[in-house]
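The following pair of complexes shares a single chain, chain A, combined with chain B in the former and chain C in the latter.
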Partner chain A sequence: DGKPPKFQPPPKPVIIDRKTQKEERRFLSPEFIPPRGRTDPLKYYIERKDMIQRRKVFNIPEFYVGHVLAVTTADPYASDKSNRFVGICIQRGGKGLGATFVLRNVIEDQGVEICYELYSPRIQAIEVLKLEKRLDENLMYLRDALPEYSTFDVNMKPVSRMDHEEIPVNKLQVRMKPKPWSKRWERPKYNIKGIKFELPEHKMKAAQKWSQPWLEFDLLREYDTSKIEEKIRKELREELEK
Partner chain B sequence: MRLSVAAAISHGRVYRRLGLSPQSRLDLLRNLVTALVRHERIETPWARADEMRGYAERLIDYAKRGDTDERAMRMADFWLTEKDLIHKLFKVLAPRFQPHPGSYTRLLQIPSRDGLDRAKMAVIELKGNPLPPLVRPRRDSDRTLLNQLLKGYRQDARRAAAP
Partner chain C sequence: MMPIWTKSGEKRAVTLLKVQDCHVLRYVSKEESGGKTAKLLVGGKNVSPFSKPESAHEIFKEAGVPRKQKVTTFNVTDNAIIKPGTPLYAAHFRPGQFVDVTAKTIGKGFQGVMKRWGFKGQPASHGQTKTHRRPGAISTNQAAKVYRGKKMPGKMGNIYRTSFGLKVWRINTKHDIIYVNGSVPGHTNCLVKVRDSKLPTYKDCNKNPPFPTFFADGDEKLPEDLFDEEIFQFTDPSVTYT
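On to the complex of A and B.
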């Protein structure tokens, strides 16, 4: 018809709020989650308050097992009073203020592992040089792996990373030195996925003799931390915003 | 050398040692859980009933997630040896306990077993079962002081309302 068509307003823009999306995937450091036991929750509450206090003053970055970190500690016997160590994080242990992480590196053909306490006041800086998760939560088998898998350059430059990207998982399968090892890593109790076992078939089958398939179905051994984590995340968010 | 006292101490251990081995313990408890789901009230030694209670309640919590959940189905498949009970678990027991947040079982002690071992026996039942109740709730006797006073009050109220 002769009349001009009715004005159609443009469609409303869809706003994707990246900040709220990020908060849903927030990382909660494992030392905040209280272990299962009969201790008074007051102890963990007080520890958490102290941990938050320390985190306000000193930035502890988000890191997992498998990341390469550089830690500067205060050292009274060094010439410039500080000591820098670079290494791959092989395990994170402990809960509360005593939380530790072990860094491993091979310096001049000698394997060195240093266990640092996250909340120790002697630590002056923690930098994450390389971000990558591995297939396992515990990389103690690197002690029995070939030294090339544990060597990291001391003057490595930090690898840049975008904030919103997922942390990449390195599916590296590590080659081991010949047996004997410090632990029998082929046994199913360790459940290691990151080793390329070059053992003969009958040895791998013999190791499966120690498997306990009923453990996976043992209902009372499961510890569901989702509700506890929610509460602690909320508490952390409130405290750190103050 | 005092061996006996030290052998009896078990600091902080939560799981009892039943059967021949950890696998045997789980098999025992699995049979008991299957029997409980089938008959809804069973009579067993008290220690076994107490161990089994936690597993039964956690199994019902898994069943509440629904039968589309992969993990819930695997757990039900392991814990119920008679496969027709999986249907009963998901279709009858899960809806029955959906409104309740926890404690789906009742554990009551019974006189000890008649045989040579005089074992401490217990009966464990799922709440809301169709069988006659184990404990009949009893009203307080009419001879207590409070009940006599209340009875007198009720009579006075009736006399005042009647004419």
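On to the complex of A and C.
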């Protein structure tokens, strides 16, 4: 037509700043975040000082549930006084100095789980062999899964990885042994996404009877940790730079 | 409560106790009190003076100290008398010493006989009519009365109890914190009385304690943390066995 075409402004350039993105993604180990309660914050401050002191002497790497770790501990009863165990981390629990993580492996057809304390002085080395996150934060269902999903080679070589890459998420869906299981993993309370449920439709529907959809809207259960995390990150940065 | 580790790698649990604004309030001589030793009244934790009448403030005005939440008595020998008004610090105790800790236990309210005294109750089925948690018989036929002190339901908790012979593992002089072995009666952030142990096994365990107490304006300059010999300090490398 006679009118000139409408002015289209040029598209704005999108600037991706790699450095600030890396700052945002900075990992804070979950045991630093204090739980909700009536304890004096001074107690958590003192505990954090001890934890930072230990981390200065002994390197605790960044790891999540689903990573394959090799842990060497001091063992007074072994012939060369040390004990190396390789396994997948299925759970990270505890807060403060008593933080623990559970490693699982299947050795000679026997499932073995060992619960290690992160800050115990008997641990001599923690190496991350394979970095991958899984779909859930708690892999306890591997006890009822087929043993092939929990076997890892004891002499596995560490998989190399670049520093700035995102930690890959393994969307593996695990196949289970026939029921009965140790826990009813199909129930919505566990909210597991990493199992390939081969149960009939009516059983899956019956499990939804125990769902509690009001829980995510419960205001009393909300615990916003963003500000606390910022303060703790700042504290950690200052202490580790000293 | 917090975990600590010994130099041989064993884990112990400790309770953190904070010494908050403790002052000596009054000296009561042996003849005045009528006991075997002289007494010192000590008050802890400053609190608002407006919730009590002026008559209750006399002790604190004499000592020149703000109103305290709790006032306790300590039996003291004549060579350990301290002038009223002196502050008391956590450095009064040293690592390796043994202490008794007294506090009011957590109140449980009116409780039945099974929780309060540990009775076994009655079976859940097999014909029991309305009797599952009751005390059963309370006396014999020949007694013809119920003895005084018979264990019966009533108010449980909220009474003073003492834990004896607890080892002091560590003292933090900057924040006035005492790390005491094991657990202590009372809820979190409750007021607690810490005293040198009167058990006969620990009679001679105090080697050169600060006597009569630790004076902050004296010549002694203590480091921020005082540790026991057996404790594993986080500045050392990991434990190895030979």
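Basically, the second predicted complex is superposed on the first by the 221 of 242 C-alpha atoms of A that agree within 3 Å, B and C clash if a C-alpha of one lies under 4 Å from a C-alpha of the other, contacts with A are read in each partner's own complex, and residues count from 1 in each chain.
Going forward, contacts are C-beta pairs under 8 Å (C-beta built on N, C-alpha and C of every residue); 3 or more make two chains touch, one makes a residue touch a chain.
Bear in mind that the values here come from a model prediction, so they are computed numbers and not experimental data.
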Partner chain(s) touched by A:38 [first = chain B, second = chain C, both, neither]: both
Partner chain(s) touched by A:120 [first = chain B, second = chain C, both, neither]: second
Which superposed partner A:214 touches (first chain B, second chain C, both, neither): first
Which of chain B and chain C A:110 touches, first, second, both or neither: neither
Per-residue contact with chain A, leading partner among chain C and chain B: C
Touching partner for A:155 - first (chain B), second (chain C), both, neither: neither
Partner chain(s) touched by A:50 [first = chain B, second = chain C, both, neither]: second
Set intersection of chain A contacts, chain C complex versus chain B complex: 37-38
Residue ranges of chain A touching chain C (in the complex, touch as defined): 37-40, 42-43, 46-47, 50, 53-54, 57-58, 74-76, 81-82, 96-98, 117, 119-124
Touching residues (chain side chain B, partner chain A) in the complex: 12, 14-15, 22-23, 26, 54-55, 58-59, 62, 74-75, 78-79
Sites on chain A touched by chain B in the complex: 37-38, 212, 214, 217-220, 222
Of all residues in chain C, those that touch chain A in their complex: 2-3, 5, 9, 11, 16, 18, 172, 175, 177, 188-189, 232, 234-242
